[in-house]
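Each of the two complexes below includes chain A, the first together with chain B, the second together with chain C.
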Partner chain A sequence: MNLDNRPLIEICDLSIGFSNEEKQVLPILRNIDLTVRAGETVGLVGESGSGKSTLALAMMGYLGNPLKVLNGSTSFRQQSTFDLSVRELEQIRGGQLALIPQNAGQALTPTQRIGRQISEALKLHSKFTETQRPERVIELLTQVRLPDPATLVDRYPHELSGGQQQRVAVAMALAGEPDALLLDEPTTGLDVTTQAHVLELLRDLAQETGTAMVYVSHDLGAIARVCERVVVMYAGEIVLDGSVRQVLLKPVHPYARSLLASIPKLREASLPAALDGRPPAPGDVGNGCAFAARCAMVEDRCTHERPSLQVTKSGERVRCHLFEKVEQLAAPGPGTAVERSSLKQAPEVLALDNIAISYTSRGLLDQILGRQPNNTPTVDDISLVIRKGETIGLVGESGSGKSTILKAIAGLIPARHGNITYNGNELLKASIDQRDKNQLRRIQLIFQNPDDSLNPRQTVAEILAQPLRLYFGLSNQELHDRSVEILERVRLGGHYLERLPSQLSGGEKQRVAVARAFIAEPELVLCDEVTSALDVSVQAAVLGLLNRLQREFGTTYIFVSHDLAVVRALADRVALLYQGRLCEIGPVADVYSLPSHPYTEVLLGAVLEPHPDSVPVLSADDIVELSPMPIGCPFQRRCPRRLGEICDTQTPPWQQVSSEHLIRCHIQHSDLQKIQTQQVS
Partner chain B sequence: MPPTLAVPVIKNRNQNRLFKVLSDVMSRPSGAIGLSLVVFHLVLAVISPFIVPFDYREISAMLMLKGPSLEYWFGNDHLGRDIFSRTLLGGREAILVTGIATPIAVLWGSFLGIFFGLVGGRVDEFSMRIVDAFLSLPWILKMLVLIVTFGTGIGVLIPTLAFFYGIPVIRIARAATHDVVARDFISAAKARGHGRIAIIRHELLPNVLDTLMVEGAMRWSWMLLAFSSLSFLGFGASPPTPDWGLMIADARGFMSFAPWGVLAPVVFLSSLIIGINLTADALAKALGIDRIQKAPV
Partner chain C sequence: MLSMLLRRLSLGFITVALVSIIIFTGVEFLPGDACTAFLEREAQGKLLENCRRDLDLNRPAIDRYLDWASSAMVGDLGVSVNGQQSIAELVGNRMNNSLLLAFCALLVGVPLAIFLGVITALWRDKPIDLVFSTAAIFAMTIPEFVSSTVLILVFSAWLGWLPGIVLTSANASAAEFFPEIILPVIVVAMVMTAHILRMVRTSVIDVLASDYVRMATLKGVPYWQIVFQHVLPNALLPAINVVALTIAWLLGGVVVIEVVFNYPGLGRMMIDSISDRDLPVVQAIALILATVYVSVNLTADLLTMIANPRLRTLHMRK
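Showing the complex of A and B:
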């Protein structure tokens, strides 16, 4: 494909930074050297704050408000980008160099029809005349594989799903037939299946059109699928630059090794290795290597001498003094296996019996007439038994009702009907007001985003004091001692007591949230996507912490996640949810192997692994359903193995595959096994 | 154990924060000017009775509408009274009335606003329409109705101003509450089983207080303007009390040939209002509730 081998984007020794209140200059990017050739697909990967987005925007000649170029230059086709006039930049941006933003829903104008928005891009950046444009718009929409483009042009952005909006953004970017596309986390926030579809589209487009791509992401799995080359960034520096295969299979930089090791793998039931510490803040990097403080191989030289970008024998660029030593190391081994004791005999902690939850409240007229609403509930027919000491994963796409179920267990949303039984005999009342203190104490909830679940105006001490005062009536010394004890348990220590959440890193905040839950001495902890707002290395540490606390306290977890690999690392059993209905439930190893419910099959197929040979299997459309089906199988509209009318009219039966493994499908599990194994081979 | 990080550990957080916010306000030019103006006026209001050179009631036919002189710095009004003395004293009643009415307005307004924001649903929906109805009436009209019915004087003015200026506070407090209520730390507190009062005290109030403080400062400046307008119309301070609004009203007829009668009270009144506005602006920026965000990193 790369017939044209001229450099398209050239960045030379670029440093970008800002001045803080004390007038110190803090660099965000340091000495970046990077060349992107025509038709090349380059992935920029790094954790939050590594400067990858800043670098991508700098390629377009854009700097955020306080940022300024400290040193070096960037050029597009031999034109120095930062020296161009606004008018000249306008020519390049959108035309020759197009950006696809992270959140297409926010990037599209909400009051303009899709057709007009794309046509405007055509007007600015192509030679198509006014009469030719409508036809070209349809062509573009077809190119990004949107169904029924002719009617789509008249839709407004909010009428499309997230994946469709992202495709429209891609179509707009393609309008000017650009030489290069800059993609800033284009699939973050999309469901796994949608993400896989969008990535396949991008991959095909790169091949069809020969457009160069710079793909910014924290997700090595996505990059492995789309890019040929990966640039790993750390603390504003390029630390490793090489082919996808080399970087993913034999990374020669210690940071890249640790990063890869911290990603949970779908095929391994083990906790990924965590990377301790946190990246240095801008300006905090000393004279030595930026990664020295967290590096397992650190030597004396690393702390005071900054490594330069060196070229290895295999042609990669690496910023490490010890890369030759790293090259000798074996590939990173699997993480630590989690001990799974047999929990079949353990007593049950919680039982959900035919729970239904509905968000729509009864209207005034219904209340007056005493009518029950007859709409289909958001979550329905949920029966689950959770045994003491186990971890059960609830998995599903966004809108599958997994968080809703947690909230019902916690009492935040009352169930419409059904019973929640505690310890086999205690009936839990639907709402918090009716539960007693001890019941409340035994069930604790940890939220997704610690920025949102910790009060920004309370110190860690005050945050931890809330449950201690409420449940145990503690005060003063005792309260202090217990707080210090729990902070040590979550590996933070007593000196964190007087800090505010804004003075903590993301991982530390989530540890405080975990500490707040565990200080109540709970028996059941509900984890709502607790790691999805965190960087992978931090995620690994939090998963390790949760696992350790479970062993120490014998806690039971209900772990909600959209990430099948994370669930595999931590859970004993998994339950899959689609549109608020259970599809499959069973021990992790059984659910992740065949036979699977067709929905599980679709989800597992869409998972992207950070491996160059991992190919997703896309068997179902990525349409998003807004409401559950009133009758029949909930998955009927998207099912790749649909039988026919029976799926639409009859609720499928639970089939027992093994003693613990249940699948809810009309297809016999033995038949499912046959079809699915055939496909694999 | 992770390595200990060089993050400053704060003791006595509340005092510390107040000090930090104040020094932040003072470090901004607008804040420094604004706060100095406000402090100047407050000090003046307290000490003016002891420093005025003349009795504010002293009438003299000889001095009627005389221009500024070495003896009478700001000149004399149509009754020959010393404008300088009257101007120094002229903010006392306005500051007293609004100084009492503003906290009352912010208090009851935010109380109801937080209540509606928390309760939500039909109660909120219904009450907010009443609030909207009140807000849609011209302020001077509704205030005059009450004052005409109950008469002037501090006893009527304070409750009237406090009532009408509390209504917009309901909206602000409710919006601030809505922002906070949707956040997970409130859900976390609910799920733990804290009572409503505890949630308001520990979780909600600390997060809406900043907004309410800035709102209070803005309300004060508007209330001052309203009080002066009422005096100007003859419904606020009653003669012979020296009051800026009243002085402007009195001197208005002679403005073409004796402009000093209007000038002095106008300068004093507007400097106080500008001072409060500048302070409120700087306060909003210092507290971080300003619309313009700081550096994105």
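Showing the complex of A and C:
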């Protein structure tokens, strides 16, 4: 694309590390060799702790405290970055080399208007004069496809949605007309639809302007969409570097193979293969290959001889003694299929009948006067029947009310109206403090982030003892035995009892959270985004664990997730929520095979698969809605198949597609199917 | 915005009203009344009756409360038992003196505290930080009567530069308090500066570690521009509320310093009237201090809201 073939960014034998309290030097990055040429798009992929963000920031000459360069150098346009003066670095940063940060919401200064923040970058890094700048700011905001840029410049960051904030960060990075963009997980934390739109924008920018990109992400799907080349990192090393097509379709490193196998795929109804163990901590690598301890193909020399970065026949760089053997392996097959027995006849566990939930609390005056809030409820008209032993997935964008529904079932947020019936005849009280102990025991909740849901001052033994004392009145030996038993069930073992959460890895913490839920012998477990804070390889293991426990105990799951592929892997049925209203509900296979509801179509279209040819279908704008529509179809404003006035004024009826499959739309299901089939062909 | 203002104002008014009820009932529940408290052993016969008639104590408590509260609203706080003087006038003088002390202390202390707080945060763990942070801890922990006494000893007794005691009468004009007021101002400012300094330091350190400051660095913004445009506007927002609390403390809570320097402030008047058992004056001062607390905090909240765009939109929407 670009004829200038001199490397833009050149990293030679770079090692970065820190000293611990015992004055040992622990490396975070080890012997990194990497060049990025002008116009090239490179993805840096790896799990948390692999050093990918540190590497990207080092390219800008930035090291967070307490990191220091141990060895090697990095240069930008033949200037050694770590030897530059502060003044020279300020010239390059945000100018020729710009960063697009993770979580733009926190990276924009909260007390400054958007326009001023972009203007600041222009003032520092462009020739535009004071009078030309406002116009240029608007140009930039238009370039990143933000609506109504003229009013946007006067807004503060918190007044924008996550997707808009991320676009502002992109505009700010473009202000200096950079030669290279560093993107540090730019779409992590965004909804699938928003992510797809931002990625398309970045991809177009790279093609239009010829800007080089270094895209740091844990998400191979996103990298596949934006980059031509991908560098896989593990424990601070580059283990594989090749074209996206090669790495994704025929990875020659065992780690890359396992990583790919652990990603749930939208088209496969099977559990992804988990990668056991965890990466070595900094300084724990030893003499051999860093991946040896988790590698399925490990040989004797792997444990005591560090592999060098070798070049394969097809031109990839790989750090493995056995890469020629790996090359011979067939592409990784699908994961283990989940056994599904027909659950149509199973008894009903939980029935939600016309549930509405509202977050707005009544003011003091309203309470005195006995007034009901008259606003549109956050979640409304939810009716669902959940049968024993099934897994039902609740899917939707952020703000769609999925977690709110779980909280209402658990009694944490009392529903404004509607009934929750347990086992067909037992009416559950709305609020948790009105429910009896047995009702509490039977419904357990597992939270998204184990760092927040486990008390950091309690040992695993204390965490597990609480439900045992509360529900079963156990003590001493019996309590200990039960704790050990459940820890073995979640594959941790009794030696974890005396540990504190801070001494566990992310996956181990989530296993403890799962154990805490299952030790109560629940009938219904509510899983609230339980894998979204975990690395993919760990996620696969937790999904496998949940599936196994379900088969052992016959537990029923309500599984909330924003990740459609994860739901596909685990759930029997799926319910799609938009703005707190149900749009579609049905068996996973039916809903995913040929999406019928326009919202399902939009969501599934935006999913990025880790495949070089995966192209998202963007059929709706990523406008963010603040509150649900009081009348009409909840999806009316974004629907790509909007009919007209009827969608704005009338709530669509439920259409029965099959005995299990329902959609809520004014368009006939058969017509929707026709549109889909035409699109596919 | 306007409705929010009205709501906050009425809430503040309710708070003060509740405090007035608590003060009034508290005094009512004391054994005896203002007259028996004041007259002590002479509280009998004609004397007591006259006193009660003068103070209007024979009517039911609710009537008296309503009377007291409604006249307090228009600035009439009644008369003292002691000198039969108008309390408004008595307290007014003392209030002015306390305001003078507070004003001088704030004038010196707030800019100094913010300046030093920012300096110590920017040079965290460097010698300059260690010196001022340690000094702040000393200023906070040494009892005020000790530091007052030491200052009097050094600047008044040994060096003879400043008067060590205030001899000006309570109703003198502000100018007449100079230079006597200088030492009390120094003592008060020392404690206050230390508190605000530590708060500003923590707040600046937090903001320095934030993502947006890192982003500004990686955007190539020069260091001092980051400090003035990205760090300080965000870090100094919490200072507004701390300063507000300090003002309230300065008006009512510096009794010890007022006593050591013989400064005729509001705090000392409160203590004096408690020991004189002049209950109407005690009631009046308690009510005034409550009003000060409520209004100063209300002002601080409004200022924070104006300065913080996040809070601003939050309330605009409501």
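Heads up, the rule we're going with is that the second predicted complex is superposed on the first by the 680 of 681 C-alpha atoms of A that agree within 3 Å, B and C clash if a C-alpha of one lies under 4 Å from a C-alpha of the other, contacts with A are read in each partner's own complex, and residues count from 1 in each chain.
We adopt the following convention: contacts are C-beta pairs under 8 Å (C-beta built on N, C-alpha and C of every residue); 3 or more make two chains touch, one makes a residue touch a chain.
Just so it is clear, the model here is predicted, and its values are computed rather than measured.
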item: Partner chain in contact with A:A107 - chain B first, chain C second, else both or neither; value: second
item: Partner, of chain C and chain B, that touches more residues belonging to chain A; value: B
item: Contacts of A:R77 with chain B and chain C, given as first, second, both or neither; value: neither
item: Touched partner set for A:R145, first chain B, second chain C, both or neither; value: neither
item: Partner chain(s) touched by A:A121 [first = chain B, second = chain C, both, neither]; value: second
item: Touched partner set for A:R435, first chain B, second chain C, both or neither; value: first
item: Which superposed partner A:L445 touches (first chain B, second chain C, both, neither); value: first
item: First (chain B), second (chain C), both or neither touched by A:L99; value: second
item: Chain C - residues contacting chain A, complex; value: 210-212, 214-223, 229-230, 233-234, 237, 307-310, 313
item: Residue numbers on chain B that touch chain A, as the complex places them; value: 1-4, 7-11, 13, 183-185, 187-194, 198, 202-203, 206-207, 295-297
item: Residues of chain A that touch chain B when the two form their complex; value: 18, 20, 28, 64-66, 276-277, 282, 293, 410-412, 432, 435, 437, 440-441, 444-445, 447-449, 452-459, 462, 466-467, 470, 491-493, 495, 498-500, 503, 516, 520
item: In the complex with chain C, residue positions of chain A that touch it; value: 57, 60, 62, 86, 89-95, 98-99, 101, 103, 106-112, 120-121, 124-125, 156, 158-159, 169, 172, 176
